[in-house]
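In what follows, structures are represented as structure tokens.
Paired with subunit B in one complex and with subunit C in the other, subunit A is shared by the two complexes that follow.
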Partner chain A sequence: MTVYLRQVAAIVRKDLLLELRTRERLAAMGGLTVLVAILFHFAIDQGLVRMQQLAAGLLWMTILFGGMLGMGRTFEMEREHGAIQGLLASPIPLDGIYLAKVISNFVLVALIEVIALAAYWLFFGFDYGGDPLLLAGVLAVATLGVVAVTTLFSAISAQTTMGQTLLPILIFPLLVPVVIFGVTATGRIFASRPAQEVEGSLYLLAAFAVLSLAAGAILFRYVVEE
Partner chain B sequence: MSGSPSAAPRTHAPVLEAASLVRDYGPVRAVDHVSFRLGAGEFLSVFGPNGAGKTSLLRLLAGGLRPTTGEVRVSGIPLTIGDRAARGRIGILSHLSFLYGRLTARENLLFHGRLHGLEDLDSRVPDRLRDVGLERYADSRVDTLSRGTVQRLAVARALLHDPEIVLLDEPYTGLDAYAGALLQELLSALKHGGRTVVMVTHNLGRGLELADRVAIQVRGRFVFEARRAELDAGGLERSYRRAVEEGA
Partner chain C sequence: MSLTRIRWMAMVLGVLGVAGVLVLHWLVFFWVGTERTMGIVQRIFYVHVPSAWVTFLAFGITALCGAAYLWLRDERLDWAAQSAAEGGLVFGAIMLTSGPLWAAYAWGTPWTWEPRLTLTLLMWFVFLGYFLVRASAEDRLAGKRMAAVIGVLGALLIPLVHVSVLWFPSLHPQPVVLNIDEGPTLDSDMLITLMVGLLAFTLIFFSIVIFRYGLEHLRYQHALETRDQPRAA
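Coming up: the complex of A and B.
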């Protein structure tokens, strides 16, 4: 493993260890996810509305709002005792810090997706239909795009007094492509449509994720430099 | 000290150079045309009143802050924000510890060691903890430690990777007499190991003890500079008082 990857792994390991100890972000994100499932369980008359038609939208609403709640605090832990200055004073390239934060956020949001899918199955007896691997692929690339954008903007919002209030205003317009293609692809998988109907959205989501990651890696230095 | 840095060759070529450094924060000039050159094994103590720009100067030297004009050179090579490799040659102790409260002392050092790409952390981390007298706190979470203990751990963090250049911002803050003496020994070992040290402090006595050169910074500018041999404690105190009064 190269030094660069070991440095990235060190930050990921540290972030996940801190999250495991505090469960600050995971508790907020998981709480919201379960709350959404409970609310819709009572709000929807499952005799009138087919869960299949709602599930994709519900899942993406959970990912976006839950993700925002947790990822908005990505750099909070680095403000304690000036830890971010310690990171910046170390030899890890700045894009490595960004990449590490993307990976640790990705793990958290993926966990939330698992909790959401389990909650829908529990509360609605939801049958996920379709190809589970294709569903995992769509969720993975779409989540990567969401996380890449949100991580960059959480670094920006961490330096403002408005902080987390500012974050949704900044990123929701940028996430419109992910929402459109993510909901479309997920809905088609839930409806057990052929894989060919999902491929187009999947490629667009992958392109968005790659572009967002590249832009984030380049722009991150301008965000954290003084 | 155990695990102390191997002696670097003493040379007259500048290891650390500040070339007419200026840093403005909007209309406020925090660092005003500061220049100096330090070779291997040289120790510069910078004194100054609160708000003199000492911390900004250290951040410029560490490459954590972009100069408005002027530049910092490490072994003759300009230090840029994007130059990450140069950071491996610099150790900085700020007035913030750069430590994570919810990690243990050992976990914090392991983390910083991995960031520096160090391989021998199994032996290096216990050595550094021993150097600062914190072996028994190795598995204590930082947020349970006293301020002085955290400061000692921050010293261990700053020196973990055997940096050639050590930048210290008020390193004696929060330290009791024992810990202060321990730190003095560490700094002395660094100096005699050929490390280049810049220390910012209010403590004239401590600062003078190890210094080869001293400077007094007022309103961003070095208003007084002298070699250690040209000064005694009384002379430094008089110079300091005069410089601060004239700058006020």
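Coming up: the complex of A and C.
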């Protein structure tokens, strides 16, 4: 078990170190996140609707699009230099590779969530109300579900000629539960509703995360096998 | 199963299915009673419900055969999964076009985010992804495996998607006009017509699937035969 964890940690460390040095994906994801917020400002007539009412929905759309942009490149670097062969041939179990990729993607998406929250606060003065711990919990659980599904599918889209173009078509139909319960929960937290009203959504988000993580860990081997 | 047997089976099912559809149309246009509140457009029901049933059936077959393919790696399972998925895509399209046509008159709006509508629309997109991945895979074998993974994952997550959209309306009031559940229970003539529709569509579906399966079989044989022969100079 400890060996397994060390192997996973090694890949996570490698991914995050590379990201720290190149900042390729983070720059693109973070940039897109802020730009989407800017576009929403011009796309929505604020004389008609109050942005605060749309806060949760806008936040989640931004996270999904920004996250997809970066996560689509999960296996890009390894493929470009043929390193994927080495990774797959290494004694690390395939589900370990999947879990490591999920963890490093999770860190990236968590970072852009912070950027998104900051950008919306700066541009629109969103009132995030509620319990910040609960908000962090909901965001973390929902993100885990998104990342688990997207990481698996980025391994699929990376092996097609359509590449990243394919990714949204594959994942969006399956991510509907995260959008529904993520938006419901964050919306209620922003409105400072009691925690009991968020509980149900949180449990379903957790169920989605656990199911997609387990399915991803099992199915990943069929996607990458040679 | 030999190719001739496959063709015969598909042919017989197809003829029976087409005959069933002809009978269905006769029943729909001349025999079955007109529903009281929705009027004549309700007859779309007899095409809509069977195509929805077949779409779900196709989805199930694709997922099961996909899972079995990942496990056993038998080419025939992949052919079956692919053929069923194609049938599902076609019948799903029938369902998704006949539904709004009916709804535009019966509900006064072509589309509503009612759970079943949302679910079937999303399912259709999962099918679409299934074929996009197959078609664009750099490696043919990987394409088969990845498509199977999509089929399996779709079948795993679709129930959750369904639960989510089922509970989603609790946030928004559901328009009362759109409630089709509280209609009168089905009259016996309507039930018979529906059953004929279900049978006919299922037969046609299996006929198409088996024909399609035969085509894959033929392609496979062709690939084997051309591989053995020396290339013409």
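We take it that the second predicted complex is superposed on the first by the 217 of 226 C-alpha atoms of A that agree within 3 Å, B and C clash if a C-alpha of one lies under 4 Å from a C-alpha of the other, contacts with A are read in each partner's own complex, and residues count from 1 in each chain.
Here is the rule we use: a residue touches a chain if its C-beta (ideal position, glycine included) is under 8 Å from a C-beta of that chain, and two chains touch if they have at least 3 such contacts.
Predicted model only: the values in this text are computed from it and were never measured.
Chemist: Quick one: on subunit A, after the overlay, do subunit B and subunit C clash, or do they fit? Just give me the call.
Modeler: fit
Chemist: Based on the superposed arrangement, let me know which partner A:133 touches: subunit B (first), subunit C (second), both, or neither?
Modeler: After superposing on A, A:133 lies clear of both subunit B and subunit C.
Chemist: Is A:3 touching anything from subunit B or subunit C once the two structures are fitted on A? First, second, both or neither.
Modeler: After superposition on chain A, A:3 lies in contact with subunit B alone.
Chemist: Is A:18 touching the first partner subunit B, the second partner subunit C, both, or neither of them?
Modeler: first
Chemist: Taking the superposition on A as described, I'd like to know which of subunit B and subunit C A:43 touches: first, second, both or neither.
Modeler: In the superposition, A:43 contacts neither subunit B nor subunit C.
Chemist: Angle subunit B-subunit A-subunit C between C-alpha centres, in steps of 10 degrees?
Modeler: So the C-alpha centres give an angle of 90 degrees.
Chemist: Go through the superposed model and pick first if A:225 touches only subunit B, second if only subunit C, both, or neither.
Modeler: A:225: touches subunit B and subunit C.
Chemist: First (subunit B), second (subunit C), both or neither: which does A:92 touch?
Modeler: Touch partner of A:92: subunit B, not subunit C.
Chemist: Which of the two partners, first being subunit B and second being subunit C, lies in contact with A:207: first, second, both, or neither?
Modeler: In the superposed model, A:207 contacts subunit C only, not subunit B.
Chemist: Does the superposition put A:83 against subunit B (first), subunit C (second), both, or neither?
Modeler: first
Chemist: So if I take every C-alpha atom in subunit B and every one in subunit C after superposing, what is the smallest distance between them in Å?
Modeler: Least C-alpha distance: 5 Å.
Chemist: Same subunit A residues contacting subunit B and subunit C, which ones?
Modeler: On subunit A, the overlap between the subunit B and subunit C contacts is residues 225.
Chemist: How about subunit C: which of its residues touch subunit A in the complex?
Modeler: 70, 118, 122-123, 125-126, 128-129, 132-133, 136-139, 142-143, 145-146, 148-150, 152-154, 156-157, 160-161, 163-165, 167-168, 171
Chemist: Okay, in this complex, where on subunit A does subunit B touch?
Modeler: Those residues of subunit A that touch subunit B are 3, 6-7, 9-11, 14, 17-18, 21-22, 77, 80-83, 85-94, 221, 225-226.
Chemist: Under the touch definition given earlier, write down the residues of subunit A that touch subunit C in their complex.
Modeler: Answer in residue numbers: 149, 152, 156-157, 159-162, 166, 169-170, 172-174, 176-177, 180-181, 184, 204, 207-208, 211-212, 215, 219, 222-223, 225.
Chemist: Which residues of subunit B touch subunit A in their complex?
Modeler: Touching subunit A from subunit B are residues 62-66, 81-82, 84-88, 90, 92, 94, 96-103, 107, 111-112, 114-117, 142, 150, 157.
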